[in-house]
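By letter and in written order, the chains are A, B, C, D, E and F; residue numbering begins at 1 in each of them.
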Amino acid sequence: MTNKTQFTVGKEPFYQAQGDEVQLYEAAYAARLPVMVKGPTGCGKSRFIEYMAWKLNKPLITVACNEDMTASDLVGRYLLDANGTRWLDGPLTTAARIGAICYLDEVVEARQDTTVVIHPLTDHRRTLPLDKKGELIEAHPDFQLVISYNPGYQNLMKDLKQSTKQRFTAFEFDYPTAELEADILSKETGLDVAICGKLVQIGQAARNLKGHGLDEGISTRLLVYAATLIKNGVDAKAACRMAMVRPITDDADIRDTLDHAIDASFA
Amino acid sequence: MTNKTQFTVGKEPFYQAQGDEVQLYEAAYAARLPVMVKGPTGCGKSRFIEYMAWKLNKPLITVACNEDMTASDLVGRYLLDANGTRWLDGPLTTAARIGAICYLDEVVEARQDTTVVIHPLTDHRRTLPLDKKGELIEAHPDFQLVISYNPGYQNLMKDLKQSTKQRFTAFEFDYPTAELEADILSKETGLDVAICGKLVQIGQAARNLKGHGLDEGISTRLLVYAATLIKNGVDAKAACRMAMVRPITDDADIRDTLDHAIDASFA
Amino acid sequence: MTNKTQFTVGKEPFYQAQGDEVQLYEAAYAARLPVMVKGPTGCGKSRFIEYMAWKLNKPLITVACNEDMTASDLVGRYLLDANGTRWLDGPLTTAARIGAICYLDEVVEARQDTTVVIHPLTDHRRTLPLDKKGELIEAHPDFQLVISYNPGYQNLMKDLKQSTKQRFTAFEFDYPTAELEADILSKETGLDVAICGKLVQIGQAARNLKGHGLDEGISTRLLVYAATLIKNGVDAKAACRMAMVRPITDDADIRDTLDHAIDASFA
Amino acid sequence: MTNKTQFTVGKEPFYQAQGDEVQLYEAAYAARLPVMVKGPTGCGKSRFIEYMAWKLNKPLITVACNEDMTASDLVGRYLLDANGTRWLDGPLTTAARIGAICYLDEVVEARQDTTVVIHPLTDHRRTLPLDKKGELIEAHPDFQLVISYNPGYQNLMKDLKQSTKQRFTAFEFDYPTAELEADILSKETGLDVAICGKLVQIGQAARNLKGHGLDEGISTRLLVYAATLIKNGVDAKAACRMAMVRPITDDADIRDTLDHAIDASFA
Amino acid sequence: MTNKTQFTVGKEPFYQAQGDEVQLYEAAYAARLPVMVKGPTGCGKSRFIEYMAWKLNKPLITVACNEDMTASDLVGRYLLDANGTRWLDGPLTTAARIGAICYLDEVVEARQDTTVVIHPLTDHRRTLPLDKKGELIEAHPDFQLVISYNPGYQNLMKDLKQSTKQRFTAFEFDYPTAELEADILSKETGLDVAICGKLVQIGQAARNLKGHGLDEGISTRLLVYAATLIKNGVDAKAACRMAMVRPITDDADIRDTLDHAIDASFA
Amino acid sequence: MTNKTQFTVGKEPFYQAQGDEVQLYEAAYAARLPVMVKGPTGCGKSRFIEYMAWKLNKPLITVACNEDMTASDLVGRYLLDANGTRWLDGPLTTAARIGAICYLDEVVEARQDTTVVIHPLTDHRRTLPLDKKGELIEAHPDFQLVISYNPGYQNLMKDLKQSTKQRFTAFEFDYPTAELEADILSKETGLDVAICGKLVQIGQAARNLKGHGLDEGISTRLLVYAATLIKNGVDAKAACRMAMVRPITDDADIRDTLDHAIDASFA
């Protein structure tokens, strides 16, 4: 038997609202509208959903999507047992049964057509047909579907179909403002907020290189890594190089540009 | 044993006819002609079929097609059991046996050649050979096959073969007229019809952008989402952005154009 | 045990000969030469084979070919049983054993190289090696292989290999003459032959658009659909649009051209 | 237990030597050199090997190669049994054990790299490693490997690797001379040799079209088909169209050219 | 039961630090930050991780990634047992359970989207969902994830996604300095350091050819091979050709250039 | 239980050294360095390894690599048994356990990334992780890995990765000198050395056509075939055509050029 409490978010996740997104999400959840969260890598999309699950006190089932994921991975499959085959619900089915928020992370990674299985759960039917089992599940009243995706990222081969997109309300995220981001860094790591401000400044410089040699800006997560290392006694310049430059680029010019920005900040 | 009543549409679905499609469908069903419903995303194709199944009082079995769907997913397969293998009918086989309307939603998503399995069910034979079981099923007299597809959507790789198309009578759907659509919004959500009219107006503006930066127009479903949020107390502009703009575009210019249209409507 | 009578064509299928094809087929069958039937979608190829099987009083086993079809689907496979594995003959093997006419419909859909398995059945050997079972089947004296394909349809990727083609005698089909086609429509549906003639006229107009916006002409089957609907009381123009235009084109110009032809015919 | 006699060629196959190929094959077999037979579709390659197996009184195991064929299909596999898994030799393994001539027909159809499994059987080792069984088979002294392929046919994707080719001695076949071919037709069908000569004349005209609209010439097999139909009372022109033209071309111009040649011959 | 000690690095691996990488790694491990090691083939990345696991006294589980690796290969799968199916943890799951350092070697070889399964282990959640088992593993406090990759090597098809990269702190490795490398060679093989210096000199000459006919420089490993052969009595020039030239190039010009450099060094 | 003696090379293979390759191989084996043998088709690479295994008196396990080969084919897999699953070592695992020389023939045919599994066996670790079994094998002290490949043969899609190449010492082979090759032919077949010299002369002429219409030169093996046939009484010209020309080319010009060279030699 699936245990509902195992999916409960036990402790309040650290989340700083950037606007009215908490209230709007509550309204979407009240009407059980499906939700899409958009935004660049590491800007806090997953954290936001975790926070909302905690705030609404609903179980949260997260699925990290990938290209090899089949519909069966979401819906369930038969397993071989001592007494023949036994059905095992997939995470989407479990969420529909127990009334969880089901969060499909990086949904565009999944095969475009695999996403078709979520359609009947996202319209007035709110059902999930288990074709292989011959069962039609009516979603629990608390069930809600949430997907994330990174729009700067898609190519022609990998994009959500309009017939999928048009089943969701959408939230657009971006990196936090400089002040808020420094505050987040300081609160998460305990590092002095002034030093955090310097890290944010370097991060923003790097974000301006997006499209000019960098595929993506530096995520808040990497800034937190740098702050953590500095807090633990690592030299600030070494920490920045290791956490904020080396992971995101293999290009010598970009690397040198960012290294100089670091040297300038911590001169 | 498959239970026929589980596929009955219990409650009359909300459906507003746009023309004589209800009468024509009844004629097609009377002759058991296969039916194809064409039209853009979210214009009510699935709702129409659900309504007709309710009106004709026939069971409805819906299959959301996808690229990974094999012929076995439609027809059935052997499962391993304590006593060896056991055959499990697929949804198409079940429909043929119990006399249901079988609705293959977004059929072009299925592998083009998988659709070949429906051929003997759509001509004078009305049979379904279960090659793996060595059984030839004669379709129940009430059985009918229905497929949907979105013509604005196909590419060279994914289109129905003529030898499949030429087995169907076809219904072409479009978005409802402005008046009817506002009426639908108001009836479905309880929102004042005047505000609904404004939403429809914005929706129609967006539909004019199709082919000029938008792949598809805004569906009636997204308008219903916006109306629902407004009815639940969300600010109209925020509701429109969240339900009618953010889901359908990642392009900053298109987004700003639509946001201005919203600001103008709810100034 | 496979039951031969289940494959018998019980009732004489409706078939109107277009020339001497019945006599030529009888000669080919007398020498057990393999037969290929070529022609456009819905011109009556499958009906002809069904008719010949009835006339020759031989069982008929039809296989709708598709791209996912493996050699095992034709030949047979091992199934898991309570006592280990059990062999299940595929349709081709069954036909070779019981002396049926085996009709591989739309054979080009099958993987080109899968068709290699039919080679030893189509030359002087008339054998079918079941490699996986280690058995060599000698075909029953009544066995004959028939394949269909649509030459207007192939692309470079999908064509029969010459080493396959050169194992068959071939029949080339086309749409019936206007008079014959009107006669067929009237006989199949009971609709007045004059109205049937109008439908045929529209159909022939559409067939002239093949290669000029239409991939295929309108099949006799679709004309029968239209006649059926009119016979059942549907307005002739609505019936034609629904049965003869909407299924075959998504192009607005072609659609309008055909709609005008219909309006002109039933003015 | 595999029964050696089931692979014996019981009756002398009809074969007319074109040159000294019978003696050369005997020399190759005496040294157990692997043999490759090359030539166009239907020129008698398979018949020649069958004849040699009969003449040398060795069992013959023929495998029709195809793209889906895996190494396991040649070598063998484990099957599930009441007592667990049981090994089943593939045709190549059987041939190596019992000392048969193993004939891989149309070997280029097999995946290029699957053919690697035949390498250790074609050099001084004359062994076949059954990797999955952990067994190394020493080929029976009578074992010989023969492959066929059609050089006019290969594309860049499908050709034998040099490291495979250089393990074979090779025989190059072509269509028989006109006189010999007419003789073959007459002997196989009992049709008057003069009429057979006309068929050969038409066949040679068609062979001149190879590369000018025809992918391959007409095979001797198709000429035999035509002769058979005429012998059974079919009109000569109808027989030629049905057996020698319709199977090999879908092109209207080529078809008309060949039809005229037929009309001229049987005027 | 998995035995933790089997993954312990028993003996101190030979490792010469090139800078402060040991201290920085210790800081990253202290905060359990995920680590990426970048650098060319054979420069000592794997050796470094092995050394750190030994120094930190943590078990090390290494997975050589490859394109055929599925998520199941990392996470685990069900095996068939006498009593039905039995779950077997994959190496990543084992590492998460016992608190090992999990080292995914050449991670870009794995399917880009398979790497998505490591995401929840690399952020604040530090969890691994076993979707197929319906279990959510909380990583052991000692668990750390390390990946290696070679930036000079990627193509457009194979690169880590930014959403993966931005979960790691990164170390950039290069070949050691000439002096240090000669020292390493001498210490590993016992060969005179002066001769080792000559080998390093040749190696550096070859590294300058990278991008000018060589895809990669000569690794320290190949220099060690040459030193080993010379130490064992092989002529220096033959040893260099065999260990430092023939393995890395098939190009006659490059080969001659390097052979001349060898001749000059050992003249 | 795997029996070590079954892999012993019982009889001294015929091998004529071309230089100091035997001594260099012995030095490489003494240090257990992995070995790569490079060279054109049929120049004696496999024979050399067989000879060295005989000379060193070590078991030899040869694996003919192919594109369908998975890592499991090398390493091992679970088989289903009466008592559930049973592990079966693959050839690489067997070699590592019993201390054999493991020879991966034509390793580039294997999927590039499958070759990653050999990495831990080719560096200081000398281990083979059986991920699916959760076992880490330490290679037997006598174990050595050898791979062969043909450099004239690779394309962009199929080449060894540098990170694989740089794990091997390498031997470069070519066809023997004319004198030596004639000697080999004569010793292997008993044919007069003067005639053998003529065959070698023709072979060398053909090798000059490499890159000018021939993909590869004629291998020593084909010369041996020709010599064998002549020794067995076949006419020299017929033997040369059958063994040295027909197998390697389908091009009429090349064929005629080589036929003339044969006629000139045996005029």
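The working rule: contacts are C-beta pairs under 8 Å (C-beta built on N, C-alpha and C of every residue); 3 or more make two chains touch, one makes a residue touch a chain.
Each chain and its UniProt protein: A, B, C, D, E, F = Denitrification regulatory protein NirQ.
Only a predicted model underlies this, so the values are computations on that prediction, with no experimental measurement involved.
Between the CA-based centres of chain D and chain E the separation comes to 52 Å, rounded to the whole angstrom. Chain D and chain F have centres, each the mean of its CA atoms, that are 30 Å apart. Residue positions of chain C touching 2 or more other chains, listed in rising order: 80, 83. Shown here, the protein chains touch around one cycle, each chain meeting exactly two partners. Moving round the ring of chains, first from chain C across to chain D, one meets them in the order C, D, F, E, A, B. Considering their complex, residues 20, 24, 27-28, 30-31, 33, 36, 38, 70-71, 78, 80, 83-85, 111-114, 116-117, 119-120, 123, 129, 131-132, 134, 136, 151, 154, 162-163, 165-172 of chain D touch chain F.
Those residues of chain B whose C-beta lies close enough to touch chain A in the complex are 2, 6-7, 13, 41-42, 46-47, 62-68, 73, 79-83, 86, 88-91, 94, 105-106, 109, 150, 153, 215-216, 218-219, 221-222, 225, 228-229, 232-234, 238, 242-243, 246-248, 250.
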